[in-house]
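We just call them A, B, C and D in the order they show up, numbering each chain from 1.
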């Protein structure tokens, strides 16, 4: 069994990671560090885990582990790594945005298996992707791979409240958010950088605008993205290109029927649905923001980096309703 | 026009009060005091009011008004009144729980029109009822008026998130509360005292337990209470007694059909539905916690105390859906 | 009092119309025809109306009325009018889509007060607008009025379940729709025709595509539209143009703060919020689909056609939460 | 691998059964019969299963299987068994209510593992429990096992919309049910019979009333039951008795902290929380109605009857949010 350490165990992404790892056939959580929760049982914080584990949060760490997940939040991973000397060969998977953009300052691989599978398989530093970034990239990668992204891209993506983290705020107050909608960070969401980076990796001349309107939805989990751009190719050519691109991707599926968000909630899947309207290609892309958009993808990256079956521990029953 | 002052204008109950009073045919808001929001436009805090008022919050008050509403929260009304000398004849309606229980220390009338209409009409100190207390009392008053409450009373009441106020907390976090339920303060909710006080006002020997399980619901507005107790009388006798008790109550209606919460949401109504099962009488009681359970009832009390039509300004369109 | 007749009284839009008219200061419902519900009390079908009216549905009609609202559904209004001879001077307001597009076959005026106020004031045949069409047009009319619509328009609009009517279906089943999202009729929604017609009325050379992705939201009421297009003018110029265009429109307000859907739910308002990002103008537009998107607008049209105050009966308290 | 056949594969409980069995380590679905869906791919009906199975519905059956699940609905299982001759030793698990009550006419064992584990282990005819019945019995069995049920029992249980099945109806219409609540079948729900039967199995003199108010909740999955009765024993004695009763039950856990519904949603768990108030014992009991209340329990029963690990295939990740 691979031994796992988790830094920053009290938040949503850590909770999901723990839920997955407790049932993972080849991994075992050794310790979960949380300064604020140290001494408490895991199930006192992630209360659905009552009966599944008697592990407690700790403020002690050791490096006699195989994998370290960093779940402390944006900005804190880089601080942590600058203050601690970790074994070179320890597999580190960072769920923050600190190392997603390539830089001479670090050696992290961008952790999107459908883009960088072989690099991930041979890396021990992985920067897990952003949630919006995952949903949007999976919709566009096959186009970029064919150099078909030669027009502006229009994106609207609606996200569940868990995307905003667990600190209470005015826009995650139930009385406000229930049956409500609002847009935010239009045209300037921070995930645009990593999306551009990935698209240019496949289509080096890609310089188009991505007009992205994020919307706060009145549900807890999931991202529903509708994306369109002008493409000359026919529906059949496009469908074939998408199917080919994702032929070896166990979590991405192209649906010929229209799709809805709950088909993927509580799973690690991304479902895509394509429609051609005149010269516009519409792509609907759905993921669970906490799974394929965060902790599920982190485990998928771990599986690849450790040489395990890519789907190990990720055969999750969909919520469905 | 009656001139209105409001203390503590930033919270949920003040917001509802303002929404109602802006359309009231005989009342006009003169000032709204909020230390934290002073200087801001009302619509910057209660954002749905954009286009309806150019009033601003103030930190200044004057007593050249006809009615003062206290919306500052539990414990703060008594502090406010102890620190300020107000005109004897100023009508004060307090939305906190500070003066709901009779005491030699104050002269406030318990502001439930269906219990104390004539006292309210001749009073200028009114303690507005609690939300749960309103829903539960309206279900039981006709029984107490007939001395029929001679057995334990069983109450479960499910409340919307606005009942918990607007300060964010773990149990009002959308990610937690959405599609969730939990019980709290079982058998010991603070509203039990005012309920007992009212029932004993009508049935002086009432000593039975009221077993009350409050439940947090996954909606924003409303209280849905199911209440039962043993009563010997037949359904017909009971129905007649309820209809008689509420004959002059414009906001309480007995439905012979089964009822649902949304029939009253965004109105000042209480709907009751009776069923007799063996010797058990089941009463379903529904209100909007912010209207009949708070600000709507406050305006109803104001109307009565000022000698206005009881329903003035309260012909509110139900949400319905 | 103006006497009102309603054809097709059992559906959502008729229900909202009745709720409004019961409190309208200058109008009185004389009869409500519903073949399927004839004989039933109104409150047996629209159950929130218990205690507000003792009117019953009828299968009889007469033309000794001032206003006739047609709420029977798309396709049925034209059938009804072809089978019945109605007084020339009877004000008819049709809520279906049968007469929204100009045609030599009919004399109906397109009932968007913010576009056609004076025509509506002198007409007795009014075709009430579609719900999406209202939200989208109100976002774009000031641009068309200035001939500034010279680029593709990108629209995503999310609608509540009441938009799909009250017949149960798989996509309005609670178990499916709760916490779910899906797109439908992308690029080909039937409201596009009336939108184009109105924009061309103001900007005769308007020929641009409107790329419209409708999305089914997991809430009951409201439309939240995000719309963008390329415009050269500055934010200040645009804001001024919008304010000028809507200077005499009591229900349309420009918010300088970001807006959310619930600010308008249960009101007849449209709130607009503008942002300029590079050469893109983003417009957020929100309405209640059953009010400004249907029955509220129908009453607004009635008020104008009858020479009443435009806002009469429409001072509705927002849901807010 | 155990070979599985499923009759009536198009409904909610069949869908959940399929979701579980696709990941079960020791079971394999051989065929799924659905007359209405024959020929369609499973994922065309249970759309979240896209990418997980290429199985199709069939109208053909064979008995060369190890387990048969009957998911056709109440009344149809008995018809099916009367029309078909099945192998004596075939394990049949019926999800309808047809065989839950003991009768000389059939040999089905009541399939509540926490009551009848050893009988289930040696049976090949199992009648899976009702959803409400499971939540309520698990709250009361330890009391009955100690002959402590000597007073009326008060039960309120709130259920998700999936409990009403997938046929659309007025009370499962999203526009109606969203943010709404209503009671139904008060004091006379059909699950009371099986609850009484089980309690009398443990406490033969049990004759008390169970006052049960079912409530329709505005969420899709789960049952939240609050139950109280008079018991003399102390909290410590009661807690000890519950812990002892469930010592060998892997899916039932006693939480010393207060609990909420979502702790169990999408799992096969039942969480219980006890509070003693005077002589009243309050028990909060939560399950997922489609899992521990239906298909999860069916798999648990299958595991026991086949001699497999009781938890095999049931280590489900909680939804949590």
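Just so we're on the same page, a residue touches a chain if its C-beta (ideal position, glycine included) is under 8 Å from a C-beta of that chain, and two chains touch if they have at least 3 such contacts.
Computed from a prediction, not measured in an experiment: that's the story for all the values here.
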Most distant chain from chain B, judged by the mean position of its C-alpha atoms: A
Selected pair, greater C-beta contact count between B-D and B-C: B-D
Length of the line joining the C-alpha centres of chain A and chain B, rounded to whole Å: 46
Chain B-chain C separation of Cα centroids, rounded to whole Å: 34
Distance between chain centroids, defined by C-alpha means - chain B, chain D (Å): 40
Residues of chain A whose C-beta touches two or more other chains: 12, 160-162, 175, 178-179, 218-221, 259-260, 262, 265, 321
Of chain B, residues touching chain D in the complex: 154, 156, 158, 160, 175-176, 178-184, 186-188, 211, 213, 215, 217-222, 224, 226, 228, 258-262, 265, 275, 277-278, 280, 282, 284, 321
Of all residues in chain A, those that touch chain D in their complex: 12, 15-16, 19-20, 22-23, 44, 46-51, 160-162, 178-179, 220-221, 250-251, 253, 255, 257, 259-260, 262-267, 269, 271, 290, 315-321
Residues on chain A engaged by chain B in the complex (per definition of touch): 12, 160-162, 166, 168-170, 172-175, 177-179, 218-220
